[in-house]
Amino acid sequence: MVSPVHIVSIGLITAFLLGLGKKSQQSILVLVLLIATAAMTMISGSWLIGIMTGSVQPTDVFTAGFKPPFAINLRMTMDEAVLTTMVNLFGFLTVIYLFDVLKNAGKHLLSIIVVFLIGLNVIVMTRDLFNLFVFLEITSIATAGLMIMIQDSKSISAGFKFLIASSVISGILLIGIIFAYSYIGNLNIDFMSNLSLIKGGSVAVFLVLSAIILESKQFPANGWALDMYESAHPAIGSALSAVSAPAVLFVIYKLMPIVPESWHSLIGLFGLITFTFSNFLATRQGNIRRMLGYSSIAQGGLMLTVVSMSTFFGNSFWFIILGFLLTNFFAKAGLFWLNGMVNSDDQNKWGVLRKRPVLFFLFGAFVVAIAGLPPFPTFFAKWEMIMQLANGNGWGWIVLILLGSIFEISFLFKWFGRVFHAEEEKINDIRTPWFKQVPVLLFGAALLATSYYFVEYLNFDVLFVMLPLLIVTVFFAIDFLPAFVKNLLLIASLTIYGYLIYPEIDGNVMQLVFMGVFLVGGILTLIPGFTQKGTRAGFYPFAAMTIFGLIMLVNPADNLTFFMGWEQMALGSYILILRGKKAERPAQQYMLFSAGGAYLMLAAFGLLLHFAGDTFFGHLNGMLPGGGVVFVLFALAFMLKAAAIGLHIWLPGAYSEAEDDATPLVSGVLINSGVLGLFWIATAFGPQQLFGYDIYQIMGWVGAITAIGGNMLAIYEEDMKRLIAYSSVGAMGYIIFALSMNSKLGLLIALYYMVLHFIYKTMLFMSAAGVIYRTKTRNMYEMGGLIKSMPWSFIVVLIGIITLAGMPPLAGFAGKWMFYNAVVMKGWYLQGTMVFFSGIVAFLYLYKLIASVFLGQLKDNHRKLKEAPFVYLLPQFIFVIAIMVLSVFPQVLLEPLATIIPDRIPGEALHWDGKLAMTSFGYWNAFSVMSVVIVMFAVIFGWLVYHSRKAQKVKQFNIVFAAERPFRPETTHVSYNMFAGYKKALGWLMTPLATRFWTGVSDWSMAIADKMRSWYTGNGQTYAMHLLLYAFVLYLLISGGKIL
Amino acid sequence: MYKNMFIIVLLAGLGILLGSFLLTHHANKALPELPAYYADKTASEVGAANVVTAVIVTYRGFDTLGEVTILFVAASLIAMFLKTSKAPKDRHPRPSSVILSTAQKLLFPLIVLFGVYVFTNGHLTPGGGFQGGAVIATGFLLLLMANPQAEFKHGLLNFIESISGTSYVIIGILGAILGLGFLDNRFMSLGELGTLFSAGAIPVIYSLIGLKVGAELSNILHHLNEVQNEA
Amino acid sequence: MSIDWIKLLFTLLGLFIVLNYGLLQYGMIRRITARIGKRIGMPVYQPYIDLIKNYSMRSQITHGVMFYLGPVFRLAGGVGIFMFMPLIYGSYYWSNYSFSGDVILIMYFMFFGMLGMALGASEGGHPYSFIGISRGLSQFTTVEVPFTLAVIAVAVQHHSFSLTEIVAGQQGGIMHWNIMTNPFAGIAAMLAFLGMMMASPFNVVQAPQEIPIGPPTEYHGTYLGLLQTNRAILYVSESILMVNLFFGGATNWIELIVKSFLVFFWPVFVGLVFPRFRIDQSIPWFLKLPLILGIIGIFMV
Amino acid sequence: MEYLTLQNIGLVTGFLLILIGLYGALTQKNILRIIVAFTIFDAGLNLVIVALSYIKGRVAPIIDQTTGITNLSEKFVDPVPQALVLTSIVIGVGVTGVMLTFALRMFKTRQSLDINDFKETKW
Amino acid sequence: MEDKKIFTDPDLTKRTVIGPNGEDITVDPIQDYFCDALPKKHEPKRAKIFESFFNWARAESIWVLGFGTGCGSIELYPLLTPRFDAYRFGVQMRPTPRQANLMIISGYLSVKTLKRAIRSYEQMQNPKFVMALGSCTINGGMYFDSYNTINRLDKYMPVDVYVAGCMPRPEAILAGFEALKKRIKAGKAEGANLYAENFETYKKNQKKIIRDWNMPDYNW
């Protein structure tokens, strides 16, 4: 095994020898550099592998042959091996990446690069404080040299700011070191453990520590770093982010043993503040590199927290820090490199990336990885971190982390969405020579591999987690196939999967029901996809991800699996929504709200761990004393997904702007995940109180208001899909209300309605998709009279709306009937009446939906329309059959559903007497109602047909028109603003309070971020002052105002 | 104005922070273990009369390598930074006075010689590679002041710099291979304390450092001068 | 499933009675209206003649399948309400098919006809149909709210949604009627009943002078005949519903007819006195006094 | 008077130089002056380092005839800070050189040496 | 008449619109918007007794289309007042021609109004009746040589009853109703069938006078 010191010697020899090179030999020099970095990588890599496999023991290298503390020693253990390998590998790939730049840059740059790497290596390995200082300085000067790789005025002035900052920092560090020496008598970290105990020694420790913390670019004393990120060449930015920052953080890790225990949490807090606020400020960044800079700094802050709290995290420390470290390393480097390829800081210009599908995929993977979504390591690391913090009652910390995470998601996905939708610019053609692609590809692969190891390490259930993940991966791999093949494959795999898991969940009706909804829904909603031509790249992997994410929710082994499924589903559906033509903003909203919900849930899991230990929340079986907060957090999270009023504003946009045939999946199927969660907490937690209020009571009101609000908003929609989407809000309000009644009947209603809503909403959305597929418009007032050309779709919509409206004899009535009984039993008359009112309001939009589209005047450009394709109709009619069966025999569904509800839920259950459903209040016989109606209907219809058999069939303008005739179909079709009178009367109810609120939140936070951002004045002097101020404030906080 | 007041307050705070050292610091009565070890064992272990030199070149040799690297990287940076434009030189400075040019011709070899003396005797007397190198560079500075348009042989300076740097590292490696560790000076004979050829590789190393530093500093000066010429 | 043929016969007989009664009632009301206007008015049997004439029209036109189905839905809705309503308290045969469901079924069955009618009329493609329907549905949303509150109040009071049991609970004299025991709910329901009957001041739906006659603008001949048949049955059925809910039901046909006539007379009376509300006036109106009364009614229980 | 030792005078002077240097670096607008301020700062640092090595009544750690070769640890001042200060000085030289170079280039881009003129990257 | 410009209604000329898939769709409004079937003659019921019964019902339930032309329409409103109270005779007003049986042409008809009258008449269902008031509908009356009123109504639609006068008093109109009732009961009021049988003649007459004929031949 080659001594690690030769990393340095090889590098230095190379650096010195490069000075001999001549201009004409530049290619050779680059090759030499490449070989040198490769050699450095090999040395550190061999140590890494050796230590991992156990064939080599960790070692100390004594320079000059003296034992420490008499001489400087370098250490090589697992930690150092990992970091030096990262540094050197990164250096190697950077040389490859910068091949074209280096070929024209002159020998000095090559030297600087290699010295930069050496500096980082030694910073990682050395155990001597002063040596650390020297190599930090080397790195600083080398960094300044790298900064001016592009010699424009921006990078030069940023470099100068950096020099000022690093001078101040090194000054502080040096004072600290020299006094540390003066107090303890040596310079070796390993011999300093008593330093902070000596009077005055702790000040020295503080100075050293604060200098390193400042070096790690903590908010808000990091303006210089941001300016560097913004102005440096992307490759250098990536170096700063991917290797410099981890190296400095490692120094902090090394220093931690000499830092007094009592400071750890404060440093951690400062790191967390950096995380939160950097992400917050990044939300206002338009410049990509600066944004990435903010993000890097934020990640650094988070890692600082973990590092400084390493003793607190105990066994989980390595898991957490590796999760953050590796993800940040691979992903951030990859993003910066991509930036170099796109060669623009303008988000709009990044659209060119779409011309390179593989790179674009990796771009997405990097973004997702940084955002902390599964299956990337950050996700697991964040989970573990929160759980540990919750164990230690660190609630404020959790809040900061979650806040920061949501800001992070906000700007990352804003960026991603922009790139997804930016116009492809013809001028700005992307140049991707192989040497630029190779590093990105490698890091992308490495990121995926790391994720694989993390997932593997966590030992998930094979059937319910690993297999789905595998299938999703396969769909990523076969994305080049034609759409119909993939569609077929996905349907087949879902079917087979269903067949496989059926024996596993057989007997658990609840899982059966939800699994059925998710699987059958997934399959049926995929069927219309057969009309798609081409490859439909990027749809199927995410469709699979969404559906399998949902499936993971059904039978989770633990909270993590549930949460993972939840996030996976959110991510998949986000992409599905984003694929819509105008979906950029709605998708962004969707992502933000999903993330908000997910983080609430994460906090809830943390609290749950604190209250109830490591049990799956669905298996709590009853009371959780004092769990009101947990309950509320869960409820909020699930109600976000179920779009309760106030939290609903993402829904209409997201559902309507998604691709037409993907909408049924993301709406009809996906929304039930919220119901699943709510049902679970409702059954698992039991009644809970918050500040003395019964939460169910509040939820009931929320549900009622949601029901009215959703339906009211639906009335005024002119957009077909938005209308149905708002109707989903209404239906969810209904379900939330039913759930919060917390009675047997209430839960039964919720479940029944969940299934029913799934059926009719999917049906309606599919039908709408069929109509939109033919008419190419979503505005209902642009349609009309389509019953002639699309009779089958009309029938589906008719049945759908009769069901939705809850009219007998169709299945919807069962829900209404039970609802009344439950309301009266519960005694929630007012809320019940509100919900009832919402049910009638539903008539208005239902009428609008069916009449505007299918009835009335046929428009000229729809004269030659055909019926929707068969593949659209097929699933719809399967649903129609289901509704019909349920209408006649509701007990087929209701009886099994009733078995799901645990016995401890209070209230009276539904009794069955043959076909007669009974409660103590009322009764209802679906079969007999149906028979009566059918007979009656048939008789009257026969009578009419007999009488009117010779009626003259007339055309659309053959109407009485006050002795005139209509002029155009458009002027005759009353559809636009159909309920103007209603608006005049009750329009005030629709004041968009929620939208205003959230817009206000967003505007205010943007304004605050803008204000805060101006802290970074761009003046190097001010930055220097920030550094001193930061150190001073940190000192005051640590010392408590006294001299240490 | 307020900003300055604020800065004064801030610095006052930092002053208090630093002042805490004054309050807590007690003048050493005796050397702590580490310097005591150096003082006592240098002669026998390293063989250098100048304990500071022994610390610099051997005990903390790795630091010194870093120092050299810093100068190197700074010189590289300056060279990279200042060499980019190839504007024609159209600066016509006033010719230097007779006294200066004559003195320069007289002094330049002496200064270089003195520099060489300083670094070769670094292990015996106060001084060493850096100091010697700096002295040599002053010679070059004098040269430049006397004749601002003087042309250096870049190639030669670079060559000296590279070779001396490389040799330094190689000696370090030799220390690792032949001696006990990287930069160990003891793979060469320690010789007799206080003579020129003593203290193992220290004189060699210091000479190399001296050459390197001299070349680097001269290079820096030259580059700065060239930029002036560009103007 | 055995079918009780005798019960079916009784039901059909009941339907026949109600149809005739409805037609006569309509004629009677028209005549009373005329008298109030100092006219003599049409003969009491005029609705019969109109009906026969409409069924005897020789030519007809159709706008499509849904145009056919509209009146069918409408009449089925009306007949359905009748079918699911117990007529005479204590009589097995006159309880129709009320074993299929309770008052909730009846309430929701009202929508059946409305929706069908709305769709059928829309199929005609006439703009006035759309306007009329949008007005009708809009008004209906708020009409139903106080009515529902009243129904819930009654159901809570009698601990049952079953009309039969509600009627049973009101037996024993006028002081046991729900209108007396829970006057607020009763009044709320009666106010809502005005809107359900779509009489003036809540007849902006058909508003003959403004949007000819709203939804049925295009209907004629047999279609119109069906609609007229429905009107006869539906109005009586709804009156009977009110009778059952608030006026103690009926133990024989005479009582039933008298009570339902009186109930039906209430909207007629109001309609003759008050002018028409605009749609944006009528909607909030139902959300004011009737709603408050309904809420009080519920909390009275 | 107990505090008025040579060492403390050195330390205090060093600290004052540090603070003066920082004050200059934070308040001067001219880049060259800032650089000069940093050299003052460096000088202060170095002075502090050297002052710390001082022990009253001892000699420089160089073995010669006057010191002999025994009991050196009782005769010498602390050699380590002296070694460190050398490094520190060299580093200071390097950094100053680099900063001067930057200043040169900055002057070229803007024809100005006012630090306020170099704020194109901010927020 | 050779230089008569052929009137073309821009709303009824063929036009091309672009369909949702970008295809061209040619719309011929007359063809596409209007039913082009011709009216058929509807034979009375074979069984005399039914026909008589129905005719009785038709006679006793006369629904009048609220369509006022000329100066006579002002005379219609008193019919509904307590003084005359036409309801007594089963006469009711309907706002839509679909439901009306009787059309009252209440005075002179300008050519412009004639077009509307024809349209409304054709939109009424068989059996339908026409009552014409005043001399203007018989021979043009005081407008006999006007350039824009018609002289004889029954050239354009079959009239069942003429009520003379200028204008006829409500009493006369009531008498006209009685006359119409008798005619219906006698089975003679077959104006709709007459119109269908002589459709071409009527159309010829109508088109001769209505120059801007911008509607299908028969308005269903």
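General observations
As written, the chain order gives the labels A, B, C, D and E, with residue 1 at the start of each chain.
Here is the rule we use: contacts are C-beta pairs under 8 Å (C-beta built on N, C-alpha and C of every residue); 3 or more make two chains touch, one makes a residue touch a chain.
Please read all numbers here as calculations on a predicted model, not as lab measurements.
Common neighbours of chain A and chain B under the contact rule above are D.
Hopping across touching chains, the smallest step count from chain D to chain E is 2. The remaining chains, considered with chain A omitted and nothing else moved, group by touching as follows: B, D | C, E. The greatest centre-to-centre gap from chain E, using C-alpha centroids, is found for B. Looking at which of C-E and A-D shares more C-beta pairs in contact, the answer is the pair A-D. Comparing the CA-atom centres of all chains against that of chain C, the greatest distance is found for B. Mean C-alpha position of chain C lies 36 Å from that of chain E. In this assembly, the C-alpha centroid of chain A lies 54 Å from the C-alpha centroid of chain C.
Separating the CA-averaged centres of chain A and chain E is a span of 70 Å.
In chain B, 7, 11, 14, 18, 21, 25, 32, 34-35, 37-38, 60, 63, 66-67, 70, 73-74, 77, 81 are the positions where the chain touches two or more neighbouring chains simultaneously. Residue numbers of chain C whose C-beta contacts span two or more other chains: 59-61, 212, 217-218, 221. Looking at chain D, one finds that residues 18, 22, 26-27, 80, 84, 87, 91, 94-95, 98, 102, 105 touch two or more other chains. Remark: the chains found to touch one another pair up as A-B, A-C, A-D, A-E, B-D, C-E. The part of chain A that touches chain B in the complex is made up of residues 3, 5-6, 8-9, 12-13, 15-20, 61-66, 69-72, 74, 105-106, 108-109, 111-112, 115, 118-119, 122, 126, 128, 130-131, 134-135, 137-138, 141-142, 144-145, 148, 151, 175, 179, 182-187, 199-201, 203-204, 1025, 1028-1029, 1031-1032, 1035, 1043-1044.
Taken in their complex, chain B has these residues touching chain D: 3-4, 7-8, 11, 14-15, 18-19, 21-22, 25, 27-32, 34-40, 42-43, 49-52, 55-56, 60, 63-64, 66-67, 70-71, 73-75, 77-78, 81-82, 124-126, 128, 130, 193-194, 220, 223-224, 227.
Contact residues of chain B toward chain A in the complex are 7, 10-11, 13-14, 16-18, 20-21, 23-25, 32-35, 37-38, 45, 58-63, 65-67, 69-70, 72-74, 76-77, 79-81, 83-84, 158-159, 161-163, 165-166, 169-170, 172-173, 175-176, 179-186.
Of all the residues in chain E, the ones that touch chain A in their complex are 11, 15, 17-21, 23, 25, 27, 29, 32-35, 37, 67, 96-98, 116-117, 119-120, 123, 215, 219-220.
Every residue of chain C that touches chain E in the complex is listed here, in rising order: 34, 37-43, 46, 49-50, 52-53, 56-61, 208-209, 212-213, 217-221, 224.
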